[in-house]
Amino acid sequence: MDLVAINLIDGLFYGLLLFMLSAGLTLIFSMMGILNFAHASFYMLGAYFAYQISLYLGFWAGLLIAPPLVGVLGALIERYGLRRVHQFGHVPELVFTFGLAWLIEEVVKFIWGNNMMAYQEPEILKFALFHIGSNSIQAYKVFMIFTSMAIFIGLLFILTRTRIGLIIQAALSYPKTVEALGHNVPLIFMGVFGVGTALAGVAGVLAGPSLGTFPGMAVVLGSIVFVTIVIGGLGSLWGALIASLLIGWMTTAAASSSFQFATLLEFFGMTPPADLDESYLRDLWTLSLPQIGPILPYIFMILILVLRPYGLFGKRDA
Amino acid sequence: MTPALQLDGLHKRFGKTEIIRGVDLSIAAGERHAIIGPNGAGKSTLFNLITGRFPCTSGTVRLHGHDLAGKAPYQINRMGLSRSFQITNIFPRMSVFENIRCSLLWSQGYKYSFWNMVGRSPELTSKTMELLEQINLTSRAELPAGVLSYAEQRALEIGITIAGGADVIMLDEPTAGMSHSETDYIVDLIRKVTQDKTLVMVEHDMGVVFGLADRISVLVYGEIIATAPPEEVRANPKVQEAYLGAALQAEH
Amino acid sequence: MTGIPDSSSAVSPANGNALRSSLPWIVAVVVLLVLPQVFQANSAITILNQMMITIIFALSYNMLLGQGGMLSFGHAVYMGVGGFFCMHVMNLVEANELPIWLHVLPIFGGLFSLGLATIVGSFSTRKAGTVFAMISLGIGELVAACSLIIIVFFGGEEGISGDRTYFKPFFGVKFLQQNEVYYLIAFWTIVSALLMYLFSRTPVGRMANAVRDNPERAEFLGYSARWVRYFSFCGAGFFAGIAGALVAINFEILTETDLNLGKSGMILLITFLGGTGFFFGPIIGAIVFTLLQSVLSLQTELWQLYVGALFVATVMFFPGGLAGLLMMHQPAMRLGNLGLLVVPYVNTLIPAAIGALGLAGLMEMLFHVRHAAVGDIEMRLFWITFDSHTILPWVIAIATMITGFWLAYRNAPKLRE
């Protein structure tokens, strides 16, 4: 029972982190039709910027300053890079963001080197908030969970209750009409891209201390974020939330389980071959759930794409 | 003799709106048939139903007596029906020559072969050139199709449509957005290339329609109110009402 | 219109142009035969081998991207899987002393990858665009993860290795030397490239272009867009498998890095860098990239940064890639006034190159100052040793950069004319 509770909290933590990334990504996609491969790179930049700022001004200043900084950088890249490539068509756009991801990683290595940064959570949050059985739950984790929930609610409020949100929603479906109504659609696009990347930046600032701040951190999350928004349905904020949580719980549950596939095989009446080390099926007998945990989301995504190409909550084709 | 194209009780509903409300139509082989009607009458929808782009809600479409229900566009095409599009729909990054040659491939029996070289066949090349000659684009053969002028692209589109040798040709507003001289050019072209074929066209330009068609169907709010030769349609009071909008007021 | 040949040359059947169309191939064969005589060093042969393998891989990738309009993020899977399979064949040959020539090994790799492609393609080619791209990404991650789990086939972290010298000697050649391997790879490079070129001339290859440009219209020509994509996909898988087999032969080891997302991304970059619009584009991309990789990586730790920057710049300014850039000069060449371009080119490109060198120098010094061991203040750059903590080299680098770029910027408008 304790284990289930721990898993639920860990999964929530991971899922909400994914959500902060996928929310921005799915917004950018539904608005501009761009699958931004560099999205996780902005997450990484968030962590590094915050680390650099925290060296001089402390964690809280980093949390406040780094995301807008990432957002401005994202907006500039949209204005001077993406908008230029946009005229060449869809594939060059995707390829551009792909190259950007590469470039950002190299720039990060260039500036900060290959090692993990000593980026830490603030002292005030470095204590165990409560215990479940023998496991302690860090206050920082709880803080992160609440911050990302607040962001989701804020985002939902802005999108559905404010004027700018309505304009954005209209621009999603009818960019030409909205432009004819006198709104500056390119500016809205730039803004959405900036906000989306800033959200990724927030995720980076928050995740840096607990998941590590190193040049590979973008790659670790890069493709799983795509999986999330594809499963949730491209362009759907709710879908992104549900898929994020689903993946978060799925992977943490798989990682902490001790299930061996041998059990299953024996259940079906099979016996392990005597010379296990020589058998071609030895991998099947030694397979355990934690091993395949990381690939479960990918299997899930492929199934979704084959059976229901618009995802769980999407309205249109991916 | 079975008609080239026969529609029976065709209905199409998008959500709650019924766009096509029971269309029956029979078009004989070799006939040049035009479908006219005011904006929003459902002409393009009807076109898309016949060519398998949208599924029908109910009713049947028969091509030479064969039911087309559930057939994919490429299967319908192989049965001898070819169509053009209202919005120019060519292969912009391929050369004009290549556009036509690709349209010939299936009917020339190449299918999905990956052992034949298309460049090796003199017949294919000469057939392509013949067609380019017919649509007056020989001098443009090497250009990417995307850089042609609008009228040339429309001519190419007609070329692509007839290349496969289908005997039922459907043209969706072939002269839309053209100047007078361009229209005359396209009409001549259509007349030339659809000899001995069944032609079904949707068209706004009445000059074109009355010049080309053997019979005309008038589609209003998803129903055919008249099907007759041009002179009769011109004289038909119901048609005049529909076009003048008087029918609307009379109903209320 | 200028630069357009008269229609007769456009339509003359292939046999009329037989010489003209086979000339590049003859040149390629001659070049491949002569190269090892020119570059005899083992290291040079190693680079050439790698280059040829990359050429096959990039060409096979372009069957998807350039010709079929399918953006794949997992093409390395087909190369890697073919290579792993060949490694097993190699070990079988060694264990059972089977009388097989090493030359036929690539066919095994190709067929195995073809098998995988027929399975994956059956559901991934239904749609092009994002759906295809995402499925390819998923399959890529899946296989990469599996390669660490299914140890029997992939050998886990350390991969699988073998020994190519146990094959039946081919007229006395036992493939102990890099040189001997070179000719084998060269043979397969020519064969694969030729086959891929010919594929693009077949009905399916032509229709692949049509489906790329306008899938809906293609359906109204009697072709199912899905089947056309499927054939291209399987073909691309087959040739990727051949490339994988050559990796197995050349390196005698395969690991997870040969099929992971990084490798798939790299081939996308290479193909795009070379240009997807022309058949020879990926070849240029593969050559340039391999040279950059092998030459730059010896000179600087920052080579990936430079390659990344080059790549992003290519996408932004020359979406046609290097091949597109070359072909832009074709009209000028036809008109015979290519000579007119020389002066503006020299005026712009030389200062730009100097500026780039200055910038690179600056980057190198920055990197050295930030990351070198404490107390290590000496660095070598452009064959000069100096102290990176004094002001002079910085001034020189900055000055070079600014002058170079300023001159290039000033002269650039003349180039456009």
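Observations on the structure shown:
In this document, chain identifiers A, B and C correspond to the written order of the chains, with residue numbering beginning at 1 in each.
Note that a contact is a pair of C-beta atoms (placed from the backbone, for glycine too) under 8 Å apart; a residue touches a chain by one contact, two chains touch by 3 or more.
Just so it is clear, the structure is predicted and the values come from calculations on it, not from any experiment.
The chain with its Cα centre farthest from the Cα centre of subunit C is B. Taking the mean of each chain's C-alpha atoms, the chain whose centre lies closest to the overall C-alpha mean is C. Rounded to a whole number, the gap between the C-alpha centres of subunit B and subunit C is 44 angstrom. In whole angstrom, the spacing between the mean C-alpha positions of subunit A and subunit B is 49. Remark: subunit A and subunit C have CA centroids separated by 31 Å (rounded to whole angstrom).
Subunit C meets subunit B in the complex at residues 1, 4-5, 7, 10-11, 13-15, 198-199, 201-207, 209-210, 212-214, 216-225, 227-228, 231, 235, 277.
Per the touch definition, subunit A reaches subunit C in the complex via residues 35, 81, 84-85, 88-92, 94-96, 98-100, 102-103, 105-107, 109-111, 113, 219, 223, 226-227, 230, 234, 280-283, 287, 291-292, 294-295, 298-299, 301-302, 305-306, 309, 317-318. Put simply, subunit C touches subunit A in their complex at residues 65, 69, 71, 123, 127, 129-131, 133-135, 137-139, 141-142, 145-146, 149-152, 261, 265, 268-269, 272, 302, 304-305, 308-309, 311-312, 315-316, 319, 363, 366-367, 370-371. Residues 51, 72-74, 77-78, 82-83, 85, 89-95, 97-98, 101-103, 105-107, 110-122, 125, 128-129, 138-139, 141-143, 160-161, 163-164 of subunit B are the ones touching subunit C in the complex.
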